[in-house]
Structures are given as C-alpha cells and as structure tokens.
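Got a structure here, written out as structure tokens. Questions coming.
Per-chain numbering from 1; labels A, B, C and D assigned in written order.
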Amino acid sequence: MKERKGLIIGSVILLIIFIGMLIKGEPSKSILVWIAALLTLFIYSFLYRDNIFYKFAEHLFVGVSVGYGISVYWQNAFIRKVFDPLFITKTYIVDGQFHLWPLLAIVIPTLMGLLMLSIFTKKQAWLIRIPIAFVVGMSAGISVPSTFQAYIFEHTKNTLYITLSISSFIMIVGVITTLVYFFFSKEHKGLLGKTANIGIWFIMIAFGASFGYTVMARISLLIGRMNFLLYDWLGVIK
Amino acid sequence: MRRKIPLTIAFVFGIVMIIQFFIPHPVSRDFYQTMLDWRIIVIAFTYILAVSSLIRIHINKVRRKKTGWGFSYVTLISLTVTAVVGVIGGCFQPTQITTWLIEHFNWQIEQRTVLMVIFTYIQIPMGATMFSLLAFFIASAAFRAFKARNLTAIILLLTAFVVMLGRVPIGELITKRLPEVLQLQNIVEWILNYPNMAAQRGILMGVGLGMMATALKIILGIERGYLGGGD
Amino acid sequence: MGFWEKVMRLDRRWVFFLIALAVLIPFLKPLRLPISVTKPVKDIFDEVEKVPPEGPPLLIGTDYAPSTAPELDPMLYALLRHCFATKRRVMLVALYPQGAGMAQAGLDNVLPEFPEVKSGMDYVFLGYQPGIGSVILQMGEEIRRVFPTDAYGVSLDSLPMMEYIHNYDDIAFMMDLSGSSVPMLWVMYAGARYEQRIGVGTTAVSAAQYYPFLNTGQFKGMLGGLKGAAEYEKLIKKKGYTEARKVATIGMDAQSIAHLVILFLIIIGNIAFFASKSHRKKTKLTSG
Amino acid sequence: MTDRLIFDRINRWIIWERIFVRNRAFKAIFLIFLFLFPYLIFAQEGMEEAEQNTLAPPDTIAEILSPTEIKASDTPNDAGENITVQWKSPEDEVGVIVGYEIFRSEEKETGFEITGFVGKATEEFKNRTQDGVEYYYKVRTKTKDAKFSPFSEVSLVAVSRPQFFHTGRINVLVAVLVFVSLLMFFVSTAKKGKSLFIRRIAGLDALDEAVGRATEMGKPILYVPGLSSMSDVATIASINILGPVAKKVAEYESTILVPNRDPIVMTVARQVVKESFLEAGKPDAFNEDMVFFLTDSQFGYAAAVDGIMVREKPATNLFLGMFWAESLILAETGNMTGAIQIAGTDAVAQLPFFVTACDYTIIGEELYAASAYLSRTPVLVGSLKAQDMGKAVLIIIMIAMFLLAIVNAVFFIATDTGNAFLSRIISFFQGLFKV
C-alpha cells in the first residue's frame, strides 16, 4: 500500500511537470498536434495501470487502423485490381479483340475470394478451404527455393570463408554447436549433449548481445516521443 | 472430395511456384506477378470476414452490455468514419469530392486527403507511442530477468551488460588507456561479429531447414493442420 | 522483509518512473556529458571541410521516414548548419517519398538561423523521384534529366547555383542519411560507377552492418545513431560555426543516462538477488 | 479413433505419394541425384570456362583513349530483351574521362545511334533490346571537356533471347531435390512403423501443463498466432500447434482467445479451433468469437492485445509464430498480469526478449518440430529426421572445410603459395553455396 502511495506521488510529479511546462511554454496552436499529443499521453498512462484513457485510445486505435485498412484494400485491391481492369481499362480487350486469359486472371481470383464468403453458409462452408489452400500452397511454393538461398546457402557460404585465427575458429565452433543443439532425433547425452551445451552458451551470448544492442534504439524511440511532446506540442524547448 | 480438392490445389500451386523460380522466361515472370495479384485479391475478400468479425464482437458487447461496452462505440464509430472518409474521399490521391471540398471551403490539407490527415495525426502518433513503450519494458525486463541464477543466465547477463556498456561514452572512457584490442567498443564489436553471428547463423540455418520441411510437407499433403481436422 | 528483498520485489512501475525521468531531465536541463569524437565521424567532418566554399556542392540524400527521424534528423540539421555557416553549397535529394518531407522539415528548421542563405543560390532541393537505382544512375550523366526542376517547380537551368553542376563530377561529396539499405545503392551505383565519394549517416542499429564498408573505403566515413550526430555537433561547435540547440547532444545525454539507469538496475538487482538468497539460507539455518 | 488411423485413411488417395514414396524406383532416383550433384556443379563450371574461350581475341592496336575489347552478348539468365555490352577502358592517368557512350545499330557498317551512357568506372552496359533482332555495338570515351575519342571497333553480332532455365540457380535446384528425396525417404521409413526418437523440448512439454493450469483456474487461454500472414511458414507452424492446444482446451470445456492480425490467418485459425472442438466431442462449447480479428496495424494490435491481457486476465499466454518489435510489449504486459507464458518464434531478433520475459521459449527450429512433437505422428516425426540429416550434411561440410583450411594453411606456411589442389577444392565448396 505504501509503495502505491509513492507511485501515485511519482505520477503526480510527472503530471505537474507537464502542466508547468504547458503554462511556461508556447503550446502548439494546431488542434491536430493537440490530438496527437493527448493520445500519446493516454497511451503512456497504461504504464501506471489500465484506465479509461488508455481504453479510449486503444479502441480508437483499433477502429481507425481497421478503417484505414478498409480504405487501402478498397483502393489497392478492389478498384485497382478488379474494378478498373474489368470495367474501365478492360485489359482483356486488346485492339478490339477479346482475350480469354486476361479476363480469367481477374475472374478466377475474384471467384476464389467469393468462396471465402461460403463460411457464412452452413453446408458449403468447406469451400473456404479452396482459397486457403491456394494461398497456403502457393506461399509454401514460393518460400521453398528462396529459403534455401536466403537461410541456408547465404549463411553456409559466409561461414565457409575460414582463416587461421581464433575468431574464425570461434565462428565455426559456434555455428556447428548451435546446429547440434537443434538435433531432434538423438538424445542429448554424452558427446552430443556436451556439444549441444556449448551451443546453448553461444545462443545465450547472441541473445545477450542483441538485447544489449537493441536498448539504444528503443530509448531513442522514447526520445523521439519526448521531443514531440516538449518541442512540437509544448514548445518549452527551442 | 472436401479434402482432395484443396490438397490438390495446394500441391499444384506449390509445385508450379517452385518451378517458376528456376525459369527466367517472361512467361514465367508474368505468371509470378499474376499469382501475387491473385493473392492480393483473395486476401482483400478475406478482409470482409475479418471486419465482420470485429464488428460483430463489438455489436455483441454493446447488446449484452458487457463490461466496457461503451468503448465499443469508440471502435465502431471511428472505424465507420475512417472507412467512409477513405473510400469516398480517396486514399492516397484525393477523389473529385475531396478536391471540390478543398476548393469550396478553402481547406489547407498538407496530406492531400482527409484519410492521410487521420493517419498522420492519430494512427502514426499512437503507433509511435506504443513502439516507444519498449524503452520502459526493455528496462523492466532487464531488471527482472538479468540475475545470475545459473551458468546460462550468467552468460546472458554478462554479454548484455558488456554490450550495453560499450554503447555509451562512459564505457569508452573506462577502457581508454588499455591497448586497442581490449578497448570496450572493440570487444563489443568482436562479440557482435563472431560469437553472436555464429549462433545467429546456426539458428537461421536450422530455421531454414524447418521452414523448408514444413513448406514441402504442405505441398505434398503430409501436413494438413491448416485445413482443420475432419474430412 | 529486508531491504534487499523489497528491492527484489520492486514494483516495475518504479523502473518506468526512473526511465521517464532519465529521458525527461536531460531535455529540460542539458547535462553536457563528455563526448569523444570517433574516427568515422571525424572523417565525415573532414570530407565536408574539403568541400570548397561557393564551389561544387555537398549532396545530401534524405532517405528516411518519420520512424527513424529521432536519430537521423539531428544529422541533417548539423550538416546543413555546417555548410550554411561556412558558405558551402548544398543539394538535397530524396529517393523515398517520405524523405522529401524530412528534407523540407530540416530546411524549415535550420534556414531561419541563416537569413542570407537563398534557394537556388546556396542550396537546391531537388525533391523526390521514384525508382531509386535508376535515379542514382541517371544523375551520374545529367541531373536535369531526372530532375528538370527543383522541388518548388523552378527549372534547374534558371538556378544560378546549378550553372556548372551537371553530374557527380561536379559534386564534391555525397552524404546519404538512411536507416534502410539505400546507402548501399549509392555505393553500388554512384560510388562504384562514377567514383563519387560517399559518406553515410544511419541509425545505431544499422551502423554495425556498414563497418565493413568503412574499412574498404566504400564509405569515406559514417555517422552512427544519435552518438554519431552528437559527435558531429561537437565538432562544428568547436569550430565556432553555430550556437544552435544541439538536438543530438541532448538526446545522447538522455540515452546515456537511461543506459546507466538500466545498468545500475541490473547491478542492484543482482546484489539484491544474492543478498536475499544468503538471507534466506540464514533464516533456514536458524529456524532449522 | 487414434490419430494414426485417421491419417492412414486419408493418406490413401494421394497418387504422387505412391509414385515417390512406396515405389522402390524412388530410392534409385535418390541415389542418382546424389551422384549427379557434383557432376552438375562441375558441368556448370566447365560451361563458364568454355564461354570465356570463345571470346574475341584482344585487340593489340589500342587507340588512345578509345575503349578496347568490345564484346556484346545476350544477358544470361534473364527474361530476354537485354544485351550486355562489355569493354576494356583505356589507361587514364590524368583523369580526363567522364564516361562512355554506347552506340548501337542493326547493321554492321552504318546506322549507329547512341543508346546509353555510363560513368567512368564502369566497363559494362546492359542494353534494352528487342528479342530476335541482330545488334552491333561500338563505344567511345567522353572526356571532361565534352570531347570524344574515336569509336572502338564494332562488336560481333549479338541477339537477345529469354532463357528457360536459370543456370545460376542449379545449385538450389539440386539442393531442393536432395532435400525432397531425404524427406520422402524418412517419411516412407516412418510409415513402415519404425518408431523414431525425439528429444525433449521443454517449452512444448510445458504446453500441456500451462493449458491444464488455466483450465483449473477457470480462466481463458490467450493464443497469439504471430503477427505475420499465412505466407510466413512460422505462421503455418503456429497453426499446427493451435490444433492440439485447442483440443486440450475443448476437453476441459475451457475458453481459448485467439486474436488475429491477418484475415486469412484468422479464417484458418477459426477452422482449426472449430474442428478441434468437434474432434474433442465438444462442438457446443465452440464459439465463433473465440477466434477474432483485431486490426492489421502492428502496434494497434499490440495495444489491443495488451488490453485483453489486463482485462480478461488469461492464466496462460502463448505467443507462437512470427513476431517483430511488439514481442516485448506483449510479453512484458503478460508478465505483469502474472500469466504463465510460453513463446516460440523463428525471428532471431525477438528471441532475447521472449527469453527474458516468458517462462518457456521455443527457439527457432524447435517451433517447426512442434507439430511432430505434439502429435507424434510417424510421418511428421520422419520429416524431423530429414531436417536432422540436412544439418548433419552442413556440419560435415563445415568440419571438412575447416580441416582443409588448416592443412592448406600449413602448406601456405611451407611453400608460400598454398596447395593448388586444396585451394581448388575449397573454392569449389564455397562456389557450391553461391546465391
């Protein structure tokens, strides 16, 4: 309970600092900047606890972003990829001649898309599997060769440039032991277990390093927001 | 029937897309482009399902007066307003209506469309603020988790500590007098370039194999989890 | 419950509070922590110093978006101030649509300090053109072919500064500010094909991937994150070029303090961990 | 009915499986590929050498400042409509050259028109052409004071055409085929009933316990299937785990909350959860609104899931799939509410945050092993074996290369040049993984 009192006092101090700056500084005259600033503060209030301000901001965020998504899909998919080629530019008519394939290239995916709506029926709901299978199967097909290139070839190639140095030795040991850690079909006992253990150490080094490395970038995000609040909104700093 | 058709479709399109990768011919290139367009169109229709799911949940909340139902109005209203503004007023390019309004009422819109104004002053600041919460969370996670409980935890803690220290000017000052190899920023760079890179490569190679296996199992119809069980 | 156990169970909101203060205080009261200038930043500074006043310009690429602006804006401001204060000419170009807005914002911010600096005389803002690689390539032949006018619609031929500027041969140094891979395209096209001297300003996270290219000389220098920008601000301040608010130095203060707070928290956390562990052992012994 | 029976029944109709797996000929094909592998690579190397030999002999009477050795040929491995022109730039000690102008004609003697300009440090130009038309090229140097050198000699005739096979990707093709063969081989062995071992994966073992705990407490389970779309294989892996988890939840007639960012993932997840409830014999306990859509905005999604975590207070949070920067926002908030958290992702950059904020973390490839681990279906376990073989191959190549490098270095110290044969092997292996 005592601790909570301290926290409340702390939050009040922060609030007073902001109000003080609001009086002292030259706040922005743009209502849009005010909206952005208030929403920023609403979201920060979540750090203390869930409250009505955060709830408002969260629900607004969801609503606005879905509305934005609808607009973008409407424009980029329905208008540009279906409506325009079908009714306006008529890509399937070239020099007054009718071509079947360009028409099918619009109609087939549209029909497949419409099958998505079969979920609203009781009996034909299984039809939804067709567009899903298309998206999943095709995505899987695209990913197979490019995964080989990007994940396996690229990294193997870079590991294979070996020089006689401790660094190079550490590199190859690290890669091999990490790979060994991911062996699934053998129990991690004896030599395999020991190697896999070294692999875990390497993994932990990597996790620690990327954690420490990311801190700076995350803090600079907060600095960016602070700059917005103090400079663009309150105008207390020049 | 209910399984055969989808599995065949997944198989055919999967194999065709793999083959396509090896053919630089324009026919194959155009086909690839068409497939990507198809995917966009199909996903656009799925968006209808998604939005209807969201709307139904919030309408249900309002109807059943579940806790916090008042906020569902916020979502529903802001969704409708933004969508109407975007569809009628234009997304990135203003439609004729917007142009007329701008001229008639002498508006000053820096972002060209009303939708982009909403995007710039509501969605972007809120997104950036959510993103910046990470500054707080990364601190509390470090405080809580980086404790020398056992050997692996010590390794994690020490590397994070050293790398973090090496990123601020004070870290450099501490080791300024040492030989160059032992200076903190050089040690940090070495950690990043060798042991860290080694583990990352190991993980990524494993991930690559896992992804390949999963993708191939889907194409070959061995893995059908994504279709749901049953017939 | 002893003190250390209390620390162990510290409410995480205290941590949030400390971080908020650590970032807020340097903004209100700059601390001016010591900053040592590193070689990549000094190299950039020297390259800009080599740009002859009233001669071939410095080309700045603003290829970033608002999300990386906290780190890259200070670099743009510092470079502009450096050039404007010493009568060096500047050309700005954006290969990202949002980059044009960032460049304009940078100009709006810096220009009031230099009332004598005029568009077309001392700087030219080319604006944005789509097609990153091909724009860079075509600029190597004739800038007017890609940018017939500047960002404000004025024909380049009518701008006095552009009279002798046609391609990379007439540009003294190129500085790309970006958190993405655009600098690599500048190196590949303008650097490798036209031998343009190029420097890069990037975020702290991307900096690591550019170090190898510094060693090979493909980049003549680098500003990495807020720290790089702060070092650059220190250099131009030392030369007495400007007295403007040092955005990056303040940001760097905030970043250093926040880093130290986190490091301090980790140390305290571990002391508490061991103290409460030994304490627990002791109580066990006495009770048993 | 056990999983295996269902599996066998629905397996029967697949034709290609019969061709590949049950047919003994497959094994023969597999062996042939193994032998073909080095041959294909060597063949490709040989081809490159042959191409170089047919090039025009160098011109000995180079004119001052004129480019020399001009050659034009169809750009390889492209979709046609492109010819690559190459030349050798002249000595330029004073630095007067600005660049090169490339001229093109459809006749050898006349009709040359300028078609492009490149900077001074370049010796190559890719020219957009019409397929099937014969082109001749010549190049001249442009100097700083806008003067030009005499033209180089005219190149041999060149015709552009599209290619039907990308020779630079032959190594990928071979690798894909070998991996498919391995996969088929182990899947078919597994089908014969040979039981295969899987090592313990702590995070997946904990899944059961975590689900059980939540149901005991009468609280819902939060399942986040990642923030990516279905085209990310990690999402598919996550959906594969969702099945067994939802089944467990259904058995206890508890609630599962699956918020989604991608519409297709939402549709698929809903199907999977629905079927799982059906399989568990509790179709009535299923509610469509368990699987719902939030928003496709990354941080909007994070904000909303944070809201769910503090308001619905799920006892167990599962974050499985593809994550970006929002990973720590989700995991820290979940940690704040005191839920048991299990995370799994192949996004290496996000793993450290899950490790610090969650109780169990499924790292990288373990995520892809999950569906086999949870179901223990022989065919799926068999594919794990194929993954392991892939890793073994990579490890063997790396160890061999390391030993070779050491031996080569010894040679290098002794003879100062290294061993030609060893160097050739090393560069051959490095070339194998050329992207």
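Keep in mind that, in the parts below, a contact is a pair of C-beta atoms (placed from the backbone, for glycine too) under 8 Å apart; a residue touches a chain by one contact, two chains touch by 3 or more.
The structure presented is a predicted model; accordingly, all values stated were derived computationally and were not measured.
Connectivity of the assembly in the absence of chain B: the other chains, held in place, remain one touching piece.
In terms of C-beta pairs in contact, the better-connected of the chain pairs C-D and A-C is A-C.
Centre to centre, using the average C-alpha position, chain C and chain D are separated by 33 Å. Chain geometry summary: the mean Cα position of chain A and that of chain C are 24 Å apart.
One inter-chain figure worth recording: chain A and chain D are separated by 19 Å, centre to centre, where each centre is the mean of the chain's CA atoms. Taking the mean of the C-alpha atoms as each chain's centre, chain A and chain B sit 2 Å apart. The multi-chain contact residues of chain B, meaning those touching 2 or more other chains, are 3, 7, 11, 18, 21-22, 39, 42-43, 46-47, 49, 51, 54, 68, 123-124, 126-128, 130-131, 133-136, 138, 140, 142, 144, 146, 156-157, 160-161, 164, 167, 192, 200, 203-207, 209, 211-212, 214-216, 218, 226-227.
With touch defined as above, residues shared between interfaces to two or more other chains in chain A number as follows: 43, 46-47, 55, 57-58, 61-62, 64-66, 68-69, 116, 119, 129, 132, 135-136, 139-140, 142-145, 147-148, 150, 152, 156, 159, 172, 175-176, 179, 182, 203, 206-208, 210-211, 213-216, 219, 221-222, 224. In chain C, 12, 16, 19-20, 23, 204, 208, 255, 258-259, 262 are the positions where the chain touches two or more neighbouring chains simultaneously. Taken chain by chain, the contacts link every pair, so each chain touches all the others. Within the complex formed with chain B, the residues of chain C that make contact are 10, 12, 15-16, 18-20, 23, 33-36, 66-67, 204, 208, 211, 227, 252, 255-256, 258-263, 265-266, 269-270, 273-274. Within the complex formed with chain B, the residues of chain D that make contact are 6, 10, 13-14, 16-17, 77-81, 162-166, 169, 172-173, 176, 179-180, 183, 187, 229-231, 233-234, 236-237, 239-240, 242-243, 260, 263-264, 266-268, 271-272, 274-276, 278-279, 288-289, 292-300, 302-303, 311, 325-326, 328-329, 331-333, 335, 346, 348, 351, 353, 355-357, 363-365, 367-369, 371, 379-380, 383-384, 386-387, 390-391, 394.
The part of chain C that touches chain D in the complex is made up of residues 12, 140-141, 167-169, 192-195.
Those residues of chain B that touch chain A in the shared complex are 2-3, 5-7, 9-18, 20-22, 34-35, 37-49, 51, 54, 68, 71-72, 74-83, 85-87, 90-92, 115, 117-136, 138, 142, 151-152, 155-164, 166-167, 190-209, 211-212, 214-216, 218-219, 226-227. Within the complex formed with chain D, the chain B residues making contact are 3-4, 7, 11, 18, 21-26, 28-29, 39, 42-43, 46-47, 49-51, 53-54, 56-57, 60, 67-68, 123, 126-128, 130-131, 133-134, 137-138, 140-142, 144-146, 156, 200, 203-207, 209-218, 220-231.
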